[in-house]
Amino acid sequence: MSTNHTSADHTNNTRREKLRISDLHAFYGESHILHGIDLSIGQGELVTLLGRNGAGRSTTLKAIMNMVGRRSGSIVINGTETINMAAHKIAHLGMGFCPEERGIFSSLNVEENLMLPPAVRSDGVSVDEIYEMFPNLYERRFSQGTRLSGGEQQMLALARILRTGANILLLDEITEGLAPVIVQKLAEVLMQLKARGLTILLVEQNFRFAAPIADRHYVMEHGHIVEEVHAHELIEKTELLNTYLGV
Amino acid sequence: MKISKLSIVLLGVALVAPFVMYPVLLMKILCFALFASAFNLLLGFVGLLSFGHAIFLGTGGYVTGYLVMNSGLSPLLGILAGTAAAAALGAVYGKLSVKREGIYFAMVTLALAQLMFFVFLQAPFTGGENGLQGIPRGFLFGFIDLSDNLNMYYFVLAIFLFGFWVINRTIHSPFGQVLKAIRENEPRATSLGYNVNDYKWAAFVISAALSGLAGSTKTLVFQLASLTDVHWHMSGEVVLMTLVGGMGTIFGPLVGAAAIVGLQNFLSGGELGNYVHIIMGLIFIVCVLAFRSGIVGEIQKIVKRNFS
Amino acid sequence: MAEFLGINLFGLFGQLLVGLINGSFYALLSLGLAIIFGLLKIINFAQGAIYMLGAFLAYLALQYLGISYWAALIVVPLVVGLLGILMERFLIRPIANEDHLYSLLLTFGVALVLQGLFTHLFGSSGMSYPIPEAFSGGIKLPFMYLPNYRAWIVVASLVVCVGTWWMIEKTKLGAYLRAGTENPALMQAFGINVPLMVTLTFGFGVALAGFAGVMAAPVYSVSPDMGSNLLIVVFAIVVIGGMGSIGGAIITGLGMGIVEGLTKYFYPEASNTVIFLVMVIVLLIKPAGLFGKEA
Amino acid sequence: MSADYVLETQNLIKEFKGFTAVDDVSLKIQRGHIHALIGPNGAGKTTVFNLLTKFLTPTSGRILYNGHDITSLQSAAIARKGVVRSFQISAVFPHLSVLENVRIALQRKEGNSFHFWKSEKVLDKLNDRAVELLESVGLGNFAGAKTVDLSYGHKRALEIATTLALEPELMLLDEPTQGMGHEDVDVVADLIKKVSKDRTILMVEHNLHVVSKLADQITVLQRGAILTEGDYETVSADPRVQEAYLGVAVEENGA
Amino acid sequence: SLSDDKVKIGVLADMGGVYADICGKGCVTAVEMAVEDFGGTVLGKPIEIVSADDQNKPDVGSAIVRKWIENEQVDVITGLVASSVTGAVTQVTTDAKKIALIAASASNAFTTKQCSPYNAHWTYNVVALANGTVKPIVQSGKKKWFFITADYAFGHALEGIATKVIESEGGEVVGAVRAPLGTTDFSSYILQAQASGAEVVGLANAGADFVNSLKTAAEFGLTEMMDVAGLLVFTPNAQALDPAIAGGMLTTTGFYWDRDEESREWSARFKARHGAIPAMPHAGAYSATMHYLNAVKAAGTDESDAVMKIMKSTKPDDFFAKNATLRADGRMVHDMYLVKITKASERKSADDIFAIQSVIPGDQAFAPMLPECDFK
């Protein structure tokens, strides 16, 4: 087995590697969605997955959490191989996952939703801090989770995993449906988290949101990673990104 | 078209069958095939599992039996009356139940049927546990003697074909298109301006009426109307027939009815009679676990896989 | 004295109390159903058969192993719960992703098999189980003679019902359960072993029916069809209470027992149908049930 | 003058258990406009939509459509009058063909939807019109395809074609471009522009790019109440809107 | 001459339902014993037995019998337990002119309202039960009765006839409740009985209903306040009950295994094959079959009219049928027995359930023949 990936080497030199994926394949029933993904993220990095609708970005996140039908290859989290690990054990390695469809529970109220995921580490964001960050949630804390507006649900989904103390975050389209003010605020929040040393893998459609805060970008197409772009290369590779993403 | 060729072959078989097999058994199969097809109209094509459908079968039977016996109605009028009664009950029960969906709908229909079961058990005109016995088959159009099994058979076959035609036509009608749309995406159908509950209700009434038709006919065949036909076990049996045959397919309920009635007939004769409930239960389990498309559904899959 | 407006008050009180006793069984059974439904979205049609199984196990345990009522009260629910766990694991889980109607049909099949099996093995004339020594005799109330065992039924089932309700509505475990049924994949991703939780919940719901079966053995004849008719009444109760509402199931169970008792007093002919009539009325006025949330 | 307005709400209020989600909203939507409803998350935009289409019942207030009070009508009846909404999540009939999807909508006006005794062949006369509609949204080549197999953008287009089949006077679009890639956003925006001929459109949208490009008139909601109204220039220049909704960096989003 | 070179007997019974212990496989066993004891052939031709489960459903039973007769050349039907099934079946047999030997049903309709020249109602009926049990109790001075009645045809008939008996003996019925078949909880009915001020509570029900109602009566102390009479108690039901509850109760039966040497001998053979002592329908099924086969032999044919004629003109006489005749209306009139359920202290073995109190001669037990049912 070769570990001779340039990107991995590059990051290994600078920071501790938190997540390394090699030759990841994922399937939903008969359909083969991911065709050998390789990527690596170091501690404190914020990396995005870009691509068009259906490129397989969400699937990559779900595959990491073992939420797809079948997967093969290697996923090493914090030095632990997880490809054969049961889904419910993965979170306890410090993973926090915020799904695309938000996954707010209608049988629980806002506060119960917030308190639901078991803490995986001790140093999560406190509830007070969260309510300060998202005053809407505080105001609506006793209403049924799914009665929140679309955007409020998005906030809740994110807040929920911040509370658990997860230090590797997988965030899927978190700016979707949010008002521009909130989007700006989220960018600040992510920068703060990064500063706390959290590792973030971000799936984004909103390139303007992602560009200023990310360290690196992976571009996906048809279940492959077709390009890796570092923050400092953004200007020179604008053309390339345009052809991939149609920005 | 393939289907119509198949239909002609089946019709041919149905015409000569009574010379080969015991006609009363064949009539029973036809009645249940009609019942299961009517049930399947709801389950397979609207997605509503009515767990109390026997009540419509039995209502048709009781009303026909009572009128033929006590008011000397001709068999045809008796059957019409029974069908109308089932449709009327279906109209009321449909109004109450189509508001609910999925499993809720199943529970509500079951409980409503049980309510009516007790009415039939206690009402003075149904003969309670005895049921209505010795109902005369009478004369069709005043001169065809239905007490002759062969005459009766062709009469039943004609009724079955009529009912089956109605169901098919319903599925492939403008109304059927709307039903399909509702099953696919109910909120969207509403937003296009369809009152989905009205459509479900109409389908429910059609299904109830045809179940009543099956029950009325069955009553004349066996000259008997009894609690068996309104008991929830019967509601379970029709689900089983549809499941075994293949829900949502045209011929599935027919095949399922033949299979289950045939099996019961086989079991009731022999030593295995004791095991009839256990065997039915096991079939249920096996079908659900491994065989959800039913006989016809599985055949369709094989045909699709190999020939297209 | 005991007459008021031409009504025999003693008779009325008696019927109310008897209604409460029956209501305790309704509450236990509908609670089990509501837990399984509310948390797993499965209608367990086998719940009645499992109640029967509980009673039979208590009977067999006493007959052949000399296990006392008290021991049976613990052991039988455990055994039944274990069977429920096996049932969930090997029958229900394989179809967990299919339409929930299939699980209804599957459990219907299980009910037929269980009932058929016991009829085959033990006939259907019924076995009798003695009332435990500790509860022989009764209390003389002014309006009736209340057998001690019947009083115990009310107390025991109230304790079990309230305890269960508290556990599900008021604890973190309950929140996990509710969330886990809504979106199991996400709960797994949060680090919770959902399949295990589902299995245990099913086992618990089933064990409640087993418990009710043991409770019933001394007062009702232990027979293979003791559960099947009761079950449909309990279904109606669950619909009235609002499907999936735990508290609703308990309150409605007790309430319907009392309504039935009153009907037996005022118009016995309708005692079979009154619960279904109530159901129709509730459906007309509040389709989601008395305690149900609108979808 | 009121004839100019397709839809008017008068003092619309919706309360949820003591929480006022829509607070005294009086909207006037001018015939032929594309009218956008924007505002921070939880401002009550979706709730307004739900009230207009009767998915929710207003606590108080009136809704006038073409001058007639429709406050007490049922959802389906409102749809039949010509107020049709699209859904946020793809609202198609997945296992019908693309053509059939449109035909279901066309069929409603035929008045034969309860005719269970007729053959469905009577619907074939609607095919031409259906194909026409599909072509108008660029789906002409997909008529025979199964709808599940369509891509996300195509599904959205189909949904719009289906909605158009009802010949709505007023179309309500809730975040029509949400979750789309940039390419699709433009396609859909163009489509909306195209179909806005001869009809009125009310839309909720967070993508300011789309709003600025399409909207003739904008209403900004905040905490359930109307904050301000006007065209894009006026509204985006309003400091209150900048603070509550746009954030500071308005310019960046405009492009 | 035999119709098809054999005599074929169809045994229709409840193989798995509430009456399975009363006339299920046991009835098949009894008929088999009769055929074997008869020698296995009649007029040189084989005797065959077919059996089926009617599940206590009239439609199932009548369909089976119809098929047997129309399709499988069955000559005679026996077993027949649930009255509802028997009613439906005798319609079919009468139409087809085949004999029905009713071994286990209680209703008296088959020799009254629904009488037919082809019915032979063998073991007992509701009239005999009411006459046998109720009359002596009323005569002993307990005149105020309350009934807990099974709410279907059988219970109604039993209550009706018992009421007539009570009234004709100068007693009075102070009330009655109708409990649905299969009621699990009798407590509210018991409370009503308690409040009625009656001296005797008559249980006009059977099987599990009987067992449940009696148990509940004991639990609520009813058995200490008033007498309880079970109008139809089969040995398996009595065996299922705690003797402390049931002991001492009077009831009427058409047969008891421990009556005399003859009955003990047959019952021992039956128990060896079946595993339990015979209930009265088992003995009745044997006796009826035997009488039928004897008649076929004597008639030299299996043609129903000829056979029936001989059955009615010769007196049945075996370990079951004492002082018996098959009347023209098809009623088999024979000695019935008033028995007391034994207390635990009196039981010598698990099978020692009844103690015969008195013999009720057939003409006192059964009602006289109706003129319209005289099929001489």
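In this document, chain identifiers A, B, C, D and E correspond to the written order of the chains, with residue numbering beginning at 1 in each.
Criterion: a residue touches a chain if its C-beta (ideal position, glycine included) is under 8 Å from a C-beta of that chain, and two chains touch if they have at least 3 such contacts.
Fair warning: this is a prediction, and the values are worked out from it, not measured in the lab.
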| item | value |
| --- | --- |
| Chain C and chain B - chains in contact with each | E |
| Far-end chain from chain D, centres as C-alpha averages | E |
| Most distant chain from chain B, judged by the mean position of its C-alpha atoms | A |
| Chain centre separation (chain B, chain E; CA means) in Å | 37 |
| Gap in Å, rounded to a whole number, between the CA centres of chain B and chain A | 53 |
| For chain A paired with chain D, centre-to-centre distance based on mean C-alpha positions, whole Å | 32 |
| Whole-Å separation of chain centres (CA-atom averages), chain C against chain D | 48 |
| Chain E, residues touching no fewer than two other chains | 16, 180 |
| Every chain pair meeting the contact rule | A-C, A-D, B-C, B-D, B-E, C-E |
| Contact footprint of chain B on chain E as seen in their complex | 15-16, 50, 52-53, 55, 57-60, 62-64, 66-67, 70-71, 82-84, 87-88, 91, 151-154, 180-181 |
| Parts of chain B lying in touch with chain E, wherever the complex brings them together | 22, 24-25, 28, 118, 121-122, 127-131, 133-134, 149, 222-224, 226-229, 265, 268-269, 273-274, 276-277 |
| Chain D contact footprint on chain B (complex, rising order) | 166, 169-170, 172-178, 180-181, 184-185, 187-196, 198-199, 202, 206 |
| Chain C partner contacts - residues on chain B that touch it in the complex | 49, 51, 96-97, 99-104, 106-108, 110-112, 114-115, 118-119, 121-122, 232, 236, 239, 243, 274-285, 287-289, 292 |
| For the chain C and chain E complex, residues of the former touching the latter | 8, 10-11, 14-15, 18-19, 21-22, 116, 119-120, 123-128, 130-131, 138, 144-145, 147, 149-150, 219-221, 223, 225-226, 229-230, 261, 264-265, 268-269, 271-272 |
